[in-house]
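The following pair of complexes shares a single chain, chain A, combined with chain B in the former and chain C in the latter.
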Partner chain A sequence: MQVDPFIDPHPNLTPAVLQGLGWLYLVLCAMNLWWTIRVYREDKHVMVPVLNIELPRATFWALYTSALMIVGFMHVSWTNEDYIDRFPLVLEPGGPFQTAIDFVVANPVTYFMISISGTIAVLWFRKFLVQPTVGWILLNAAVLFQALSMTDYDFRQIVGKPDNVPIVALLYLVGGFTWLYFYKAVENDRRLAEWDGEGPIPVLENDENEKVLVWPDLVYSELICMIAITTLLIVWGIVLEAPLEEPASSAKTPNPSKAPWYFLGLQEMLVYYDPWLAGVVFPTMILGGLMAIPYIDFNRIGNGYYVFRQRAFSIITFLVGFITLWVAMIVLGTFLRGPNWNIFGIYEYWDVHKLEALNNVMLSELFYLDWFGQFFDMPSYGNDDPMGKKVSMILLRELPGFAVIGIYFVALPPLLAITCLRTFYQRMGYLRFMVFTQLLLWMAALPLKMVLRWALNLKYLVNIPEYFFNI
Partner chain B sequence: MSVGDYIRGSQIWKSIFRHPAPYDRRNRVVVMLTNFFLHLHPVSVKQQGIALSYTWCMGGITFFLFLVETITGVLLMFYYRPTLEWAYQDILALRDVTTLGIMREIHRWGAHAMVITVWLHMYRVFLTGSYKPPREFNWVVGVLLLVLTLLLSFTGYLLPWDQLAIWAITVGSNMARATPVLGHEGPGFQLLNLGGYDLITSGSDARFLLLGSRFVGEETLNRFYILHCVAIPLAAAGLIAIHFWRIRKDGGISQPL
Partner chain C sequence: MADDRPSIEEILAMARSQDGDSGGPADTSEPADAEAAPAAEEAEAAAETPEETPEAKPSKPAAPAAKPSGVSDILAMARSQDSGGASETPAAEEAETPEETPEAKPAKPAAPAAKPSGASDILAMARAQDSSGTAETPVADAPPAKEAAAEDDEPSSESPASAGDGSRPSVQEMLQQLRQTDGAGQAAGPVSETTSEKPMPVRPAAPEAPVAPPTPGRRSVLVALMLAPTQLIATPFAMAWTALTAACGAMVLGLARFMFPNTLVEPPMTFKIGPPSDYPPESVSTKFKAERSIWIVRSTMYNGQDQIVAISTVCTHLGCTPNWLEGEQKFKCPCHGSGFYKSGVNFEGPAPRPLERHGLQLAPDGMLEVDKSKKFQEELGQWEDGTSFVSS
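The block that comes next holds the complex of A and B.
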């Protein structure tokens, strides 16, 4: 079939797209050329199983690099508008790959499970992942996944939005730097495990640590860095035009209405908590919690070098907070949230009419109607009742919710102090420990509410609409 | 005598840089002490403190982006008037007719980049444990800088006055309505009342304070413009100065003992 781009308003492929991707493949090819040379210099060999011959490892990378080059040139040289649907090597729209990916990402439950288990997997398999070859393969996989996905119209719409480009960059940067951190931390862990405690601490950072003059060593790298950043900004500015939509109009509300991307983690929280919590209390807690870090984690060990084992608890907490609860939520809010704040797959069309059943319930309803309906009646009051009766009825109605929250914030900390966090309590003392557990509980409050929502359809633990007080 | 030597021997040059070029050790020390801009730095540092793989250079890049934003921002201010009548038109003109219109692109992408680099800077400071004593307070200063960076970005987002701008700011500032006690849809706002009259209404709550109005309108544009171009940059510059001062006073970039 011949596809006429003037007829199909959502073409998956156009010559411009193919050429753009071609350059991406060629860049990837150049990167792998460098890598192949690197591997060649290392001069390692592998046995090929069936053929029973020994080959340099670089052979495989050379083959891969050549394949990338061919693919790259094939894309770059494709100028033919007609018959573009015959272009080979494309993700099939609506094919099994796309369907599978959309199935897992377009669902808050699986999305969250993947991001949290991904974080755990990185921590668990860190020794495996920090091998340079593994890191390089992961980078290639990410770029290839993105390049292939770019052949999909809907994916391009959302990832290629000028304001979303920084988020794509953020993902690569966070991934790369996290890898670099583990690369160093795993090595330092190993060295520290073998250390007998004599002399200076044997971390990587101490290997070469003489005093040097700031001029030239620092000022020149600063200069180079400034030039590089300036160049980057200018190129970025030429390639991508800053967005400018229609003039502001308070009558036409866009759907979806999104906050700027760096606040989308907070906007995502609105799904689970009311604005007074998601927009006011949680941000305050996050900032207060960040500022409190040095006073809670006052242990002086582990300052000035990358390490994991010595600081496992604080590192894990920070990684979960930063990657799972912040970056992953921003990605969800930016790439997956569409009209009516429904969640869409990355290859899915943003259909304004997509319906999602919302039949959320309150804890008071679950308690008084479902679970213990035969013992209690739902407390209620009439409009003419005196204030005192109203308030006591509301409090009675919301008693289950208050009880849960009370146990969580009041009873749990002392319980933790005498059980699993006992050593923490002894080291930190009363005040520090209380601040620490409160912050930790606030941090856990988001995932816990998510789980309650998914498991019980729970909307609010405490629901007092009369006073805008919903939790 | 080469041209370079001639220039460096001239009275003008010598009046600016009072010492010979930093070719030998002595003058490399002297240049750091006598140059206003360079005296932010110490004369010598441990190699780790300047290793790219250690600091990721993220604090430095954030600072440089702050400077880029200041310069491009001043240029943009020449062309931009923060009124309902002109704001959008001036941005259109920047795109279509102004010679240095690319300043807008650089300013916007630089702002996005700054948000990212400041997060990554915090990430590395955490991962190297550099917030530990004696640098606790500088970490706190850093968190304040993080807030200011986000607020700078947020206030700037409104200025183009297009659909993207006002709705993003509307969504973002709607939260303030729900501030406990101080927002007119927040829990407990009824607590503040005088003789039965609520003090907190849509015309006097936290959101009104932020927007200068009940919705995102001309007052808001004016407020955000002043916050974006004057108040927050000054606060950030002051805090950055303290941040850098403290790095020196806390013993330079953190080191393994």
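The block that comes next holds the complex of A and C.
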């Protein structure tokens, strides 16, 4: 059956899509051909359990590569539009796979849990994950997942949008560089554990410390990189056209209205915090905090080479902050936020009328109405009351919120100093420790507020709309 | 001269090697020694790369040099070098330090005469030697200057350290550290040229300060005032500044003029939106959203009274324009998901307060009239104001 745009305006498959995917599979096939040769040269064998014969490991990779080639050619040669709906390798709309994934990612709670537990899992299983074979399998899995998902119209709309292409590249780049870091760090950890303390430190970086000349070695490399990047940008600029939209109008905001991709983390913060906090205070704290790291850091070892154990705290803090609180927020904002800033699954149609029941409340309302309604009355004031009464009533109303924030920022640092961060306090001294804990608490404030929003529907801890002060 | 200048690596190496025996020299005066200790620690911290130290050691022999014992020795040496120094590259040196040479010359005749009075004389002398081209013994002529400077109890013994010409800042810093490290006696080696010539150019500059003119009479003040404007174009330099100031001033004036356009194309703040009968009960009209940025809402939702209100289309969170969703009966902002009831009261998302109302009145001709210059905020109790709604 031919695809008729009037019958189905959102076709899952078109000949162009099959062509593109075919080439993607063929590229993946070529990559795996290289990998198969690499494995073959290593000449390792593996015992097949059932057949009880020993085969070279390259056999399995060769089989997989052949399968990819067949799949690739099948895509490329499937040009007959009449039979396009009979193409076998397509995600059936509404299938269990898509439903399960949509269920997981379209809910901020599960999404956040997945991102944080994924980060912890990467840290925990780093020795397993840094094996080259595991890394290669992960890369293949990611590409296959994306290729198969491309047969879904809604997924294609989100991922294929010219604006969002950098984010797809970013996912692969972040994954690749994180893997590379752990690969080197695990190796250096191993070497340092075996080191007897004699001689130069036996890290990877010292294996090849021959110095080269700035001119010509470095300058030539830079020139080549410059040309390569320029070429890439030109090709990108020609192939992916800039998404032109209707003329701007102050009365009409695009729906959804998204910040540039690198600011989507900030936009996600704005969902949970007042503009002056999420737009001014948090970015300032992030920049200032990043600049303060060298002065806070008291760890004298682990500089100049990749390592995990010697700098475990710094690296865990950084990875959680960068991957969970920044990259994951960018991904959420790019791929999952749809019309009306509702969260949609990656295979879900962007329905403007999707209804998400949210009835956000303030902490003062929870405190005075829900939790302790029988003991206290909600402090209120009339319009004609004198200024002093108004202010005191507002302060009394927001007392629970101020108390929570006071405990968080004033009482927690000393508490941490005598409990779980005791060694930090001893090594850092009072002032540095206070700066450090404040920054840490600010960083933790975002996920905590998110949890409060999901658990209690809490909008603001302190809500003084009368004076534009909300926390 | 450029060849005599030590490379950064050599200086580092020297710093490292002196760091090793900083307590050594016997003729080091006490205060200088006390200064040397912390500086040595600094030098050690700077040169921490341990594997390079052995390589650096061999360069040390450049440092030690003949140590004269007193001022008279220095003078004698200076004189002999002055007269007998076979110049190998005098032209090159003078070419590179032209501003120093004339000042250094007068110091030369002063040197043979009797005793120099202080460190400055000795330094000048050293510089004079320098300019007369004792290029083959750069190592030898530095220590006298250094030592004399240190033995002299004047604070001026610190002055070489403060020489920060900015020509080669990193080298200067290292030199300074080096000087402090070697106390008074240790030879500064090939760096001596820089140490001795740097501080000097500053000193003779002082007497050239302009002398205050004699007090003018009343008439001459008047004349000066009248002639003052001519100063604005007296020299090309003054003309350039005057022109720049005038251009900037004209630009500011033009900008100020821009703020008051001849015609204002924006619509008037007060306008009529038709009779109340145009707005059926429980309805939201979006027909003025695009042009006037208001919704006309007729509802009993806020306080039970049937009111017509003009609600601003600016989200109270960050200023986006929400959309009216008829099916869900709510205003929903596309930027961060804030939601408002039909009455304008916020209930979901991050918006901290209700949408704002504009003024609305029934004009004498029976038409509803919106006044956008007024705004009414619910959280301030302004929605009670009679001009914020029309009862129907």
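Assume the second predicted complex is superposed on the first by the 461 of 471 C-alpha atoms of A that agree within 3 Å, B and C clash if a C-alpha of one lies under 4 Å from a C-alpha of the other, contacts with A are read in each partner's own complex, and residues count from 1 in each chain.
By our rule, contacts are C-beta pairs under 8 Å (C-beta built on N, C-alpha and C of every residue); 3 or more make two chains touch, one makes a residue touch a chain.
This one's a predicted model, so the numbers in the text were calculated from it and none came from an experiment.
Engineer: Touching A:Ser249, do we find chain B (first), chain C (second), both, or neither?
Structural biologist: both
Engineer: Go through the superposed model and pick first if A:Pro275 touches only chain B, second if only chain C, both, or neither.
Structural biologist: both
Engineer: Taking the superposition on A as described, I'd like to know which of chain B and chain C A:Leu358 touches: first, second, both or neither.
Structural biologist: second
Engineer: Between chain B (first) and chain C (second), which does A:Trp341 come into contact with in this model arrangement: first, second, both, or neither?
Structural biologist: In the superposition, A:Trp341 touches chain C alone.
Engineer: Which partner does A:Tyr262 contact after superposing on A: first (chain B), second (chain C), both, neither?
Structural biologist: first
Engineer: Is A:Glu194 in contact with chain B, with chain C, with both, or with neither (first, second, both, neither)?
Structural biologist: Neither partner.
Engineer: Scan A:Asn383 for contacts with chain B and chain C and give back first, second, both or neither.
Structural biologist: second
Engineer: On chain A, which partner's contacts cover more residues, chain B's or chain C's?
Structural biologist: For chain A, the partner with the higher number of touched residues is B.
Engineer: Who does A:Asp43 touch here: chain B (first), chain C (second), both, or neither?
Structural biologist: Neither chain B nor chain C is touched by A:Asp43.
Engineer: Scan A:Asp217 for contacts with chain B and chain C and give back first, second, both or neither.
Structural biologist: first
Engineer: Could you tell me which stretches of chain A are touched by chain B in one complex and by chain C in the other?
Structural biologist: 200, 249-250, 252-254, 257, 267, 274-275, 279, 468
Engineer: Can you check the complex and tell me which residues of chain B touch chain A?
Structural biologist: 22, 25, 28-29, 31-32, 38, 41-48, 50-54, 56-57, 60-61, 64-65, 68, 88, 91-92, 95, 102, 104-106, 108-110, 112-113, 115-116, 119-120, 122-124, 126-133, 135-136, 139-140, 143, 146-147, 150, 153-154, 157, 160-168, 170-172, 174-180, 183, 185-190, 215-217, 254-257
Engineer: List the residues on chain A that touch chain C in their complex, please.
Structural biologist: The touching residues are 200, 249-257, 267, 270-275, 279, 339-342, 352-353, 355, 358-360, 382-383, 459-460, 463, 465-466, 468, 470.
Engineer: Going by the contact rule set out above, which residues of chain C touch chain A in the complex?
Structural biologist: 51, 289-291, 293, 313, 317-318, 320-323, 325, 327-328, 332-337, 339, 347-350, 352-353, 379-381, 384
Engineer: Report the residues of chain A in contact with chain B in the complex, numbered from low to high.
Structural biologist: Contact set of chain A toward chain B: 163, 166, 169-170, 173-174, 177, 180-181, 184-185, 200-201, 203, 205-206, 208-219, 221-222, 225-226, 229-230, 233-234, 236-238, 240-250, 252-254, 257-260, 262-263, 266-267, 274-276, 278-281, 287, 290-291, 293-295, 297-300, 302-307, 311, 315, 318, 322, 464, 467-469.
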